[in-house]
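Across the two complexes that follow, chain A remains constant while its partner is chain B and subsequently chain C.
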Partner chain A sequence: MAKIEVTAEPGVPFIDTARQFDAPRDLLFRAFTDPELLVQWLGPRKYTMKIDRYDVRDGGSWRYLHQGADGNEFGFHGVFHGTPSPEGMVQTFEFEGVPGHVSLDAIVFEERDGRTVVRSHSVYQSVEDRDAMVQSGMAEGMDEGYDRLEELIARLAPVHS
Partner chain B sequence: MNADQLNAVFGALADPTRRAILARLTAGDANVAQLTAPFSVSQPAISRHLKVLEQAGLVSRTRQATARLSHLEADPLRDATEWLARYREYWDESYERLDALLAALQDDGTGVADEPDTKGDHVGQDRSHG
Partner chain C sequence: MAKIEVTAEPGVPFIDTARQFDAPRDLLFRAFTDPELLVQWLGPRKYTMKIDRYDVRDGGSWRYLHQGADGNEFGFHGVFHGTPSPEGMVQTFEFEGVPGHVSLDAIVFEERDGRTVVRSHSVYQSVEDRDAMVQSGMAEGMDEGYDRLEELIARLAPVHS
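This part shows the complex of A and B:
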């Protein structure tokens, strides 16, 4: 699982991801909750991340901005639900470019033999919301390597029955 | 691409026979008899699948002499996968950066004391950023 696994089934408003890291989960938890660490990894390298607030507790709110080289800023905010712990954390997520559309993200840290699998389960208000939120929230500044169609076609393995 | 179109594309892709038809069409246009050949289903069944693919904009059909040829339309596939591909890229790049950060933290000793046994893996790894 060196690469992230992303699952988004048609017809249900979820996105699931899984990714293994070569570190114990206490360290993963720090990287996800310490603002000084978070800004060093969250988001594409081309963005500067600025944290407005990051109040890691039950009911605490968070807000951060991704700033592009052109000065454009994209804000995101939400609230932690339940006390975040090395076992996992639950939070809401809203992209300020599309206000009113909120997802619920649950993250779990599973440690085994010194390695940790980070799993996320995101629940959107509808399938349409999921697709639109992801598209709008990710759209800016992402360079497309355009072999994706080929990749998709390659996955469309012929089924001879 | 609006939500209805996107749903039509995902709905069309949800069926393994229809995915196989698309895979076949990447090799070139084909008539319904050619498309039916690999399957143990009837020609009318394949025609119904083609109709779904056509309504999703994934296939166009042209009449050439007496044969009706099906042609793969790639654009809706590109649109349908783009949103998810961006999501994946975002997290893929973030998590690669996180790998580097975690490695640095563990080297510093500011991380956790017990170092996992890594013999057999690359020793003396260079940890370039990027």
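This part shows the complex of A and C:
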């Protein structure tokens, strides 16, 4: 199982990630945009995900909550810039626990020989915001979500191996 | 007439600007959000501004065109993240002449003693994108727009001097 590659150079407010999946691009795009699929993989296993809104279109807004076993909820929201497509999607992102800190996330889906690399490029409003996101364990949580995404993909379209 | 202050440190993808206006915050917020006022000041004098859409709300999308004397049009579009208010507004920004390069702009209106400082903090997806924006003469165009905004404000609410 390939793990996520994370790049976060010092002194700049960027986080880049990449991970390869054994599935075509269209299937990954579905998993990122269909709320019924999204709740099955996004984020660490310890949280239950609830989608408040997920309006996948230019200007559409999205909001979801992660609920822990103790009942505590963590909200996140943003808007889509441009029309999301299997080539990629751009959206804003804000964690409601620390309001006023927004990032701009671009995701691209690169397919080759039936496999797809999902790349994200996130830019923060300050290097401090970026560092805080790295220190929050964002990459680990994202990778655990991607493990679950890999499992979901295997259920949706079993791969001959 | 106060000019714009621009900060663009090397090696980071930020542009910060500040300019003071002799008007209360609410009036400036109106000038930034009422399409009928916006077309009277945003951008250099040599362009005629046409607003395609300007939906000032969380997830609302905006698009405007600057038309030169030769008839050439330059389009810009984005979406609002969060609900714009006299305290501030956050939005995405993309120049349609160079698609695929998006920035995240935050504007705050700081009022003191009846005067208001308008501050913008823009973050780009790369330092190269930021440098290209600086080199495009963005600050000069913005300042010329702000000169026009100052004139508009004087017409809307004559200041005793």
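The rule we apply is simple: the second predicted complex is superposed on the first by the 131 of 161 C-alpha atoms of A that agree within 3 Å, B and C clash if a C-alpha of one lies under 4 Å from a C-alpha of the other, contacts with A are read in each partner's own complex, and residues count from 1 in each chain.
What we mean here is this: contacts are C-beta pairs under 8 Å (C-beta built on N, C-alpha and C of every residue); 3 or more make two chains touch, one makes a residue touch a chain.
None of these values were measured; they are calculated from a predicted model.
A.B. asks: By the touch definition at the top of the document, which applies to A:33: first (chain B), second (chain C), both, or neither?
C.D. replies: In the superposed model, A:33 contacts neither chain B nor chain C.
A.B. asks: Touching A:12 in the superposition: chain B (first), chain C (second), both, neither?
C.D. replies: Touch status of A:12: second partner only.
A.B. asks: Between chain B (first) and chain C (second), which, if any, makes contact with A:41: first, second, both or neither?
C.D. replies: first
A.B. asks: Is A:127 contacted by the first partner chain B, the second partner chain C, both or neither?
C.D. replies: both
A.B. asks: Taking the superposition as given, does A:24 touch the first partner, chain B, the second, chain C, both, or neither?
C.D. replies: A:24 contacts chain B only, not chain C.
A.B. asks: Answer with first, second, both or neither: which of chain B and chain C does A:67 touch in the superposed model?
C.D. replies: After superposition on chain A, A:67 lies in contact with neither partner.
A.B. asks: With both structures fitted on chain A, tell me whether chain B or chain C touches more of chain A's residues.
C.D. replies: For chain A, the partner with the higher number of touched residues is B.
A.B. asks: Do chain B and chain C touch any of the same residues on chain A, and if so, which?
C.D. replies: On chain A, the overlap between the chain B and chain C contacts is residues 11, 127.
A.B. asks: Show me the residue ranges of chain B that touch chain A in the complex, using the header's touch definition.
C.D. replies: Listed in rising order, the residues are 3, 6-7, 10-11, 13-14, 16-17, 19-20, 22-24, 26, 38-41, 74, 77-78, 81-95, 97-103, 105-106, 111-112, 114, 116, 130.
A.B. asks: Of all residues in chain A, which touch chain B in the complex?
C.D. replies: Going by the criterion above, the answer is residues 3-4, 6, 8, 10-11, 15, 17, 19, 21-24, 26-28, 30-31, 37, 40-45, 113-115, 118, 127-128, 131-132, 134-135, 138-139, 142, 144, 148-149, 152-153, 156-161.
A.B. asks: Which residues of chain C touch chain A in the complex?
C.D. replies: By the definition above, chain C touches chain A via 11-14, 55, 58-61, 78-82, 90, 92, 94, 102-104, 106, 121, 123-125, 127.
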